[in-house]
Amino acid sequence: MSLVHNFPFFSILLCMVAGIFSSMLKKEAAKWVTLSVSLGVLVLSAFTLHLTLGLDDNYPFMMGHVPAPWGNEIRIGRLEALMATGVSAVLFLSLIAGFYHAPAFVSEQKTNLYCIMVDLALAAVLVLIYTNDLFTVYVFIEIMTIASCALVVVRQNGHTLVAITRYMIMHLFGSGLLLLGIAMLYGITGHLLMEPLGIAVRQLVLTGQYNGPLTVVIALITAGLAIKSAMFPFHGWAPDTYAFAPPLSSAILSGIISKAYIFVMIKFFYRVVGMELIISQQVHQFLFICGVAGMIIASVLAISQRDIRRMIAYSSVAQIGYVYMGLGMGNTAGVEAAVFQMLVHATVKSVLFLSTYELINVSGDRKRFRYLHGAGYRNVPAGIVFTFAAMSMVGIPFTGGFIVKLNLAISGMAFGGWVRALVLIALAMSTLLNAVYFLHTVVSIYRRPTQELVYPAVDPMPRYAAAAMLASLLLIVYLGVGSEPILQVIETGLKTFS
Amino acid sequence: MEGLLLLVAILLPAVGSLMVVFLPWLNERREDRCFFVGAVMVLEFLVVLLIALDSERTLILFEMTKQLPIALRSDGTSRVFSALMSLMWTISGFYSFSYMKHEQNEKTYYAFYLMTLASLMALTLSGTMVTMYLFFEMMTFISMPMVLHNRSKEAVAAGIKYLIYSVAGATMGLLGIFMLTPNIASPYFVEGGSLMTGSLTIPHAAFQIILFITLVGFATKAGMFPMHGWLPTAHPVAPSPASAVLSGVITKAGVLAIFRMIFYVIGPDYLRGTWVQWALLGCATLTVFMGSMLALREKHIKKRLAYSSVSQVSYVLCGVFLLDTMALDGALLQMVFHALTKDALFLCAGAIIVKTGITRVDEMHNLGKNMPWTMWMFTICAISLVGIPPLGGFIAKWYIAEGALMAGTPVYSWLVPIVLLVSAMLTAGYLLPPSVSAFFGGMAHGEVASAYREKADPSAMMLVPIFILTLAILVLGIAPGFMIETFTKLANSLL
Amino acid sequence: MTLLLAIALPVALGALLPVFRLKTGNRNLYLMLATLLTSALCAYAIAVDIPALRLISLNNKLTITLRLDEQGKIFCALVAFLWPFAMLYAFNYMKDEHKQTSFFSFFLMSYGVTLGIAMSANLLTLYVFYEVLTLTTLPLVMHGGSQKSIRAGLKYLYYSLGGSAFAFIGLAYLVYFGGQTTFVPGGLFKGISLMHTQQLRLGYLLCFLGFSVKASVFPLHGWLPTAAVAPTPVTALLHAVAVVKSGVFAIIRVTYYSFGASVLAGSYAQYIPLALTTFTIVFGCTMALKEKHLKRRLAYSTVSNLSYILFGAMLLSAQGLTAGLMHLIFHALMKIVLFLAVGVYNKRANAYYVDQVRGLGTTLPLLGVVFTLSSLAMTGIPPLIGFISKWALAEAALLIGGPLPLMGVVALLISALLTGIYLMVPAVTMYTRPSQGNQLTPVEAGFKVTLATLSLVVLALSAYSIPLIDYLARTAAQAM
């Protein structure tokens, strides 16, 4: 066991410690701590990834010295390491690009709190990525929910309060379902650790015992996670929350946190229940339908939005739909495509929220479209980044979004009849719909304003923020042209995931 | 090289036309230009005569693709048509030297006049379907500027109508050319046709429909129903010498095309007895009748003559569609006589309009006193057109009628003679009253007698061409032997 | 390497144009040099056989690769020949317009991207460049900046992306069933089982519909007449030559080099496109007849003529493809002349509608001749090139036989008639006397040179096109 093996544990620990530490620091220092923590996690995760690429299988890691099944355990494999690296990279870039405008939303005293919550959220995400036991899953999901709530509500206005109320109700409901499911599963099998749990479940399936309860468990857990990750039609909380939260929070929530829930779901399917059971229970069909419906309907709703931020929020829901469509296909290729989309979406959506804020900022803080005319000329880097991110959403080649579409299409082709048709048509329609609202916006920001509107002068975006955004842009393009190695990692990672 | 003369026949007027346009010294004085144009036309007629006397020659101009040669050939039909057209063109040309003094833009007129002659010669000398189509289209476009010569609103509208109808007709013809190309043994015109009836690429029923459409399309130029709409608008609005050649010559181009298609490509035997023949005969007969009826109602003299053309040219088509030697003979005779007659009539009308400003037939009474020469020639031509012996028109119509009776085509064997007869009466009805009133008309109520006392006969330059035509009508009417002989020989070789 | 350079050079130079901030004279020189250099590179690439160049690998089967085979050479030659002329014309046309720098920047970039389409070795590459072409031509369409222009641009965008989305489906089919997207003469699927054939046909049809947006087949043609609001160099080159011909080229590639004629022949996958194109042939002409605005009239004419090419291609025979390719080249030449001439009428004579061209034949004689010549050629008057390609199309159709090809021939003839009317009527109107004098500003030499040279090319080809036709026939035979 080399030092690197410990890195995942270190990364989690780092976040939590930093969180505690930040409560004592002044706001500037707290920001720096958070920033360094995310960078630290990125470095640690990168090393872990490198390590796991050299290993054949994933390895368990004992937390403390108490072995499983009584102690806690995390498991580290390629897929997990990749997700951790991706997530932390996105977070790092988002923090650089987003922190400087935090004072606009977060009052001085609350900055500490904000940084703590970011650290906590990151810790929770890492735990959920690496964890191997259901109880930890539940605990940290709750932690994440609360952290997310804090990240939103730190901005105090009427919109956020209403949004967060809806958010809390739905999320707690989802958590409740999750808890119920976990409890039932524990009751049936007596295990909380995923390995023995998985074996037990397979036993039960073979013997045919507890068929009903098993189905209920799967339904509860899936539904719970689905609600929390804003799968259509449980997405009701998402538009307002993402729209009215501080942009950095939206970036983190939509880009990173929602992915953690889905990752847990994948873990649950692969390790605990086993994909065969999922498929035989037709769960994947349900996810597929919801995913497809979300792709289309959320995009349609996005078109009718007057406020650009709500438009992007609905777009998030649509993109999550892509993930569920991939998951719902049930074959390995589909899940691979879904995971890749998670990475792409994290990168794109976070930078989208941040660049949108910049564009709004130079347009006199007005969010309606006609005020955004010419924003692309007032803030050139934000405009360029927004354009590329939009192109990725539509699925233009050379961006990550195109690879997602390609992989989803090819995995959909493996089926006959209506699944194939639905996949292809949904992708086609979604492309067009995304084009309608995203590329229309791109055109708007590069139009010369028709009326003589007065735009108050704002400080230009600091160079480092622009650099971070452009770095994200490069990442998007890299995902578009150099996706091959990443897809390989996902593929091999999934093989050893269960 | 062989067939050089054919090329000369086309290039001579074409080059002449270009010289008229581009050489400034030719255009300094009117007289120079007219002399030049006249010289070109006379030379052209001589070349055509030489071709007629020479034996059959072929000349391949170029190959558009390997299967589509553009070639000229001077067979029997070419010689007849080219001689007729060239002669008419020359005579009308001389008339126009005097007439066009009253119009503007003479340079463009003569340029297009000569160029149209070139395209007509090329058309008559075409040796393959595609060549004929090429020059057919070309001729439409080149002759159009003559129609819209005075650039008034009516002229432009008429020109465009002419264009649309002609292109429509040519397109219909092209359909047939497309369908026939894979089904004929040789792309060249072959006497009796070269259709491989045993192995058609499409079913007979469809083929016949297409043939019908094709022939109706080419008949547009000849003003046959249902594609006659352009003629009464286009002919009158052009300057009179142009109207003369439009009615007298260019309509014959449509006849030529039909001639070629039926006798040299499809073959009369395929068509005889089919519904295609009956339908075409129906259209032609209807046009004969309809043209005369409409001419009767029309008071403007040029329009009346135009409708008359519609009717008379369909006599020719009737004769052709009967697919009988005698009828064909008659058709060719009618063609010649109509060309001569209608040409002369239009030239007379032109003289009347230009000298007295009279355009309506009801204003023509007592005109004979002022323009005796003109009105005498008008009357003679009118009589010929009606078909009263011993003038030429009678022989032609007689042959057609007899051919109809002998051909034995159901219904038409008696219908055609009846329609011919009725039409003759109508023709008399619309041509003779003006002539009569010109000589014997009394004075209208309140008319001032002195208004018409001056001699208003046109100059010799205008009178002589009309005189030549009228003389030809008289002579050929009395002694048609040579013509009948030539035509019978031709008809026999084709049927 | 040459291939990559031919694409990258115009794209890079175009993208960098705003950076350099050149004066007009220098800028024009810069642009012309860039264009000519690229065309020279293309000429070299056409003359010499260059091996394929792999740029990016998505996995070992899906790559972005460049290669110039016979089919690509045809399109490449056409584009490389016409772009310098269009550039020269644009210098004069855009003299007094605003936002010239961004215009020329995207104009030059589009050149590179179009070449990318011609040089694609597989469908993925073609798809990539196709999408990018939509994006680089979008600012050109919206150049006017007015509400109308922006709407036209958005319409173009949505139609194009919608079309690409469906073409993407074809791509998915190819990858799944063929494992690769490389263009292979005869298609990837020679000798495949029947069950797969059925599925492939469906995929092909969707793909055809997708690419047929840019190729303006009814009912997906709606963007083209609206896009006529763009400046004339854009309409002329992009919408008569580059963009729309890219759509046609893509369909030819997908039909013959991806799915293959053997899979498609005799099935609904052939009949539906044949029916749509036949309808579009007549539809385009009918709409052109109703349209009084000159550029929109020509746009509808393009809609109709593109379907001539596709009709020939969808006959799925060597002769059909040859005829289609002939018309691809001939139409590009004839149509670009017409658009450029109309552009001059718009700018210098303030004539935008058919009835406004009165008298321009006598006041602007060269333009009148050029316009009349191209109109005659488009109508299909022998011996001009329009007739040659129409004849070839009819011949190919009749060789196949059957009701649909026959209807196609009839459609061709009806279209010829309608074309004669809607083109010759303005041509004739030009020579009539105007009610008052024409308001003219002088016509620069650049316009005249461009138009005269292109017309001479039309004439030259009319006289002597046999070697070209032979080359096209050889290419077509190979593609079967």
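In order of appearance the chains are A, B and C, and numbering begins at 1 in each one.
Everything below uses one rule, namely that a contact is a pair of C-beta atoms (placed from the backbone, for glycine too) under 8 Å apart; a residue touches a chain by one contact, two chains touch by 3 or more.
All figures in this text were calculated on a predicted structure; none of them were measured in a lab.
K.L.:
Supply the minimal count of touching-chain steps required to go from chain A to chain C.
P.N.:
Contact-graph shortest path, chain A to chain C, evaluates to 1.
K.L.:
Taking each chain's centre as the mean of its CA atoms, which one is farthest from the centre of chain A?
P.N.:
Checked the centroid distances; the maximum from chain A is B.
K.L.:
Return the distance between the CA-based centres of chain B and chain C, expressed in whole Å.
P.N.:
About 44 Å, centre to centre.
K.L.:
Which integer distance in Å separates the CA centroid of chain A from that of chain B?
P.N.:
Result: the chain centres lie 85 Å from each other.
K.L.:
Within the complex, which stretch of chain C touches chain B?
P.N.:
Within the complex, chain C contacts chain B at residues 376, 379, 381-383, 387-388, 391-392, 394-395, 398-399, 401, 406, 409-410, 413-414, 416-417, 420-421, 424-425, 428-429, 431-433, 463, 466, 469.
K.L.:
Quick check on the complex: what are the chain B residues that touch chain C?
P.N.:
Touching chain C: residues 62-66, 68, 70, 130, 133-134, 137-138, 141, 144-145, 148, 151, 156, 159-160, 163-164, 167-168, 171-172, 174-175, 178-179, 181-182, 201-202, 206 of chain B.
K.L.:
Tell me, which parts of chain C touch chain A in their complex?
P.N.:
56-59, 62, 127-128, 131-132, 135, 138-139, 142, 145, 150, 153-154, 157-158, 161-162, 164-166, 168-169, 171-173, 175-177, 206
K.L.:
Along chain A, where are the residues that touch chain C in the complex?
P.N.:
Residue positions touching the partner: 391, 394, 396-398, 403, 405-406, 409-410, 412-414, 424, 427-429, 431-432, 435-436, 439-440, 443, 446-448, 481-484, 487.
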